[in-house]
Amino acid sequence: MFRYFVCFFALTCFSFLGYANDNHSDFREEQNLYGKIYNAPLGIVGNNKVSSVEELYNQKPLIIALVFTRCYGICNPFLLQLSENIKHLQSNSDFNILVISFDPRDNLQDMTNLSKQYGLENNLQWNFAITDSIDAFINSIGFIPKWDSVIKQFDHDALLVGVNEKGLITKNLLGIRIVEDVHKMISSINNVFTPSYRLPTKSNIFSCFNYDPKTQTNRPGLGLLFVALPAIITFLIVTIIVIKSKRTVS
Amino acid sequence: MQQHSIMLFFMLLVGIGTIFFVSIFMSSLKADNDSTGVKNLLKKRFWFTLILIVVLGIFAAATLPKSPYFTYANETPSTVIHVGTMQFSFFLSTKPIDPKSPSGETIEIPHDQLVEFRVTSFDVNHGFAVYDPSMRLITQVQAMPGYVNNLRYKFTEPGEYHIFCLEFCGTGHPVMQTTFKVI
Amino acid sequence: MNIDSLKLKKISALWIIVILVLFIASIVLGILMRLNQGKVIEQSPLTFYTNMTTHGLTMIGIWFAAGMVAVNYLLQRYVKTSYGVNLFAFILTVIGVVMLWVTTYAGKFSTGWTFLYPLPFRDLGSESWSTPLFLISLTILGVGWLVWSVSLMAQIFKKYTLAQAFAWQHFKSNPTVETPPFILITTVTLVGVIASLIAAVIVIVLYFAEYFSHGDFVNDALLMKNLIYFFGHTIANEMLYLGLAVIYEIFGEVSDRPKWKMTWYISLAWNCAMVFILTAFFHHLYMDFVQPQALQIVGQLVSYLASIPSAAVTVFSIVAAVYGVKVRWSIVNLLFFLGVAGWVIGGLGAVIDATISNNIMLHNTLWVPAHFHTYNAMGNVLFSIGFFYWFSTQYVDKLVLSKLTKYTLTLLIVGGIGFLMAFYVAGANSIPRRYSTYPVELTSGPYLAKVGALFATIYLIAILIFFYNIAKRCFVILSASSR
């Protein structure tokens, strides 16, 4: 018996590790889901064939990043993380990316410079664009940047919007996110139904499964060990009893 | 009316079972000292088992694809209804619900359109069960704290629908309910 | 008579009296619940839910214990069992049950018998001390039963090797040693019992961890639900298997028929049952879409599979023992036979509910209590009461089928069927389970509850007569001296 108590004790201590894992997920991500994105006319860097959002999402589902070029804050790390994430995807052909400025001061030249900064000016998957109806566009998303006239900066969220090929918003991601979340967004814009997802909590370490959108399967998490634990311990008990009783017989 | 067919089917099975057991019992009352009982038991057992496996296999194959995780999976919903649950009330809203100050709104859903309920709980486990205007349970999902469950459904009949909590959540459990309209 | 077996008989007689007294008290609670749902009496929701929690926990506890008592008693035929452990389990069970009733009635603890996380931490209306006391009382019961199960298992393995205890040698032709079916079923069942009790221990540890961390550590609701149903579902099923072990052992001798022999297919069936039963609990989480779909599908398939060994082997064995041959019918084997019929019918209701596409209409409606009461109140309870009769009469009295017994059996059947039908019909009418009173829109709820209460009272009358007959004889056993 002693052995099992040690085992339990170890696991209990282990369970106190269940802190951390601070995620930026937020209930505001649920905004305007399945709403239609506003069909804004676009000026796209190095691309004269496409002139509106609709033409873009008709080609392929779309991930939209909202930025402005004079940003001192989150826009740069945000774009950097996004481009890194996209680079690490195994198959990244089933969607396009639209980086659009919500700052009326930005012109095509500003956006060209931005694309060069990330070495993406010749990448056909990436579209850096401006529009003259930015208000209607961000309204359809529910994105509200606030102008701070003292520091001459927008106070805004880092927001990724996923749009399927019908122009419906299927998922939002707030903040700088890991590649798994981008995977989830790509599944959703390709109309893959996920019956459920978890909200960020303190105890992620304990969840039975971690959803892996890459393979669209659930990878066993630490929690699964706990579900299997009764069977494992029983197996151990039976083994020990059998071994012990052999000893007494001989 | 799936429940009616379930009940009918069950009563049929119960009838067969009862006849089976009663006739076996009667046969033993009728038997005398020389009766030998069942012959070729192993063979009969084999056939019985085989038939049982086949029947259950057919059942599984027929019912599994109808599981709620697969229905409407290939369509895009036209609306999302966010559902927050709390001891002992439901919040339904077309906008995301802030767990810190949850609030709901009156919901009207157009008929024949796919809706997606995104159901979660802010405290204990609750149930989210939709009853049609004739008070028949038509679909349900659990509301679990820390998780969001997506339930899709297409309402065909306009009318007033009730929602009841179907997971025991404390003393107020039976009064936890709300309604919405399908137009 | 030898002193050891007299001691075992006395403790068994004591167990039986306590179990039956608690059974009657719990039935009264059940009838009170039905009356309240039928608006015949008016109790506060809190009272209703403390009754419900007490009823559920007590019923599960006593019928598990009843199965263990019977198995322990009959195991003495093959191996030596420990009287001390049996007594220890008895004492801990009594302490645990008393503490449970204190937490529910003095502490107003009312989370239902499944104490689903995190309800015990947000149980409105209960005393703050009731949650830790509840966990402690569960710990006491769990320790008592775990020690008991492990001890019985250890005794089995002292005589039988691993392969023999699980009857694996029967897969080969002409095995040299025959494992009695009783030993196989007991071993298989004890494995499941131990696994479910360990799941309970893990749940309790996780609850305590959160309780003492004052909010620093929070459990995962999905994990807790899985573990709780691992425990709850498994123990509720294993206690039926304990009853079946008893039938395999004594059905033949009370019926004047040959004893059931071990064969390869009995061995195969029970070995499969042992595995299936440990994963069938997934069917309790069908409506939790967060549970991965693979597990949901495994849940349905395994629930189906679990019915095959029982139907093809156990039901077939009892049919073979009865069909077309002269059987000496007595109250004991009649109860066994009836119990098997109830078990099968309850099983049909369960398989229907274990189908995911039906479950969405039936989950947490009264269909659930309907089917589990069928194989408990009209199944397992009858197995155990049959054993109690056999036990109490084997030295004291002769088994005869009197007129009174026939009437009592009729009452039991009529009462049982009426009580259960009220549940089934309500379930098919979408009436939720665990509602202290029904919303006005659900019109058939109160009406069916009244019907249920009426028939449950008839069932209770039959049980009271059985209790009188059994307890009377058990008191004789208790007062017997060794000479």
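In this document, chain identifiers A, B and C correspond to the written order of the chains, with residue numbering beginning at 1 in each.
Convention: a residue touches a chain if its C-beta (ideal position, glycine included) is under 8 Å from a C-beta of that chain, and two chains touch if they have at least 3 such contacts.
What you see is a predicted model, and the numbers here were worked out from it, not measured in a lab.
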| item | value |
| --- | --- |
| Contact-richer chain pair (by C-beta pairs counted) among A-C and A-B | A-C |
| Middle chain, criterion being Cα centroid separation | B |
| Inter-chain centre distance, chain B versus chain C - centres from mean C-alpha coordinates, in Å | 25 |
| Centre distance in Å when chain A and chain C are each reduced to the mean of their C-alpha atoms | 47 |
| Chain centre separation in whole Å, for chain B relative to chain A (CA means) | 33 |
| Numbers and ranges of chain B residues touching at least 2 other chains | 68-69, 146-147, 149-150 |
| Contacts with two or more other chains, residues of chain C listed in rising order | 220, 222, 288-290, 293 |
| Residues of chain A touching at least two other chains | 195-198, 201, 203 |
| For the chain B and chain A complex, residues of the former touching the latter | 68-69, 72-74, 76-80, 82, 95-99, 116, 118, 120, 146-150, 152 |
| Touch list for chain B against partner chain C, complex | 2-4, 6-7, 9-10, 13-14, 17-18, 21, 24-25, 27-29, 31-33, 35-38, 41, 44-45, 48-49, 52-53, 56, 59-60, 63-64, 66-69, 87, 123-125, 127, 129, 131, 135-142, 144-147, 149-151, 162, 164, 166-175, 177 |
| Complex contact set, residues of chain C against chain B | 44-46, 49, 110-112, 116-119, 122-125, 220-222, 225, 265, 287-290, 293, 296-297, 300-301, 304-305, 307-308, 311-313, 316, 319-320, 322-327, 329, 337, 340-341, 344-345, 348-349, 352, 355-358, 360-365, 424-425, 428-430, 432, 434-439, 441-443 |
| In the complex, chain A residues that touch chain B | 27-31, 33-34, 164, 166, 168, 170, 191, 193-199, 201, 203 |
| Residues on chain A engaged by chain C in the complex (per definition of touch) | 8, 11-12, 15-16, 18-19, 195-198, 201-203, 206-209, 217-218, 223, 226-227, 229-231, 233-234, 237-238, 241-242, 244-245, 248-249 |
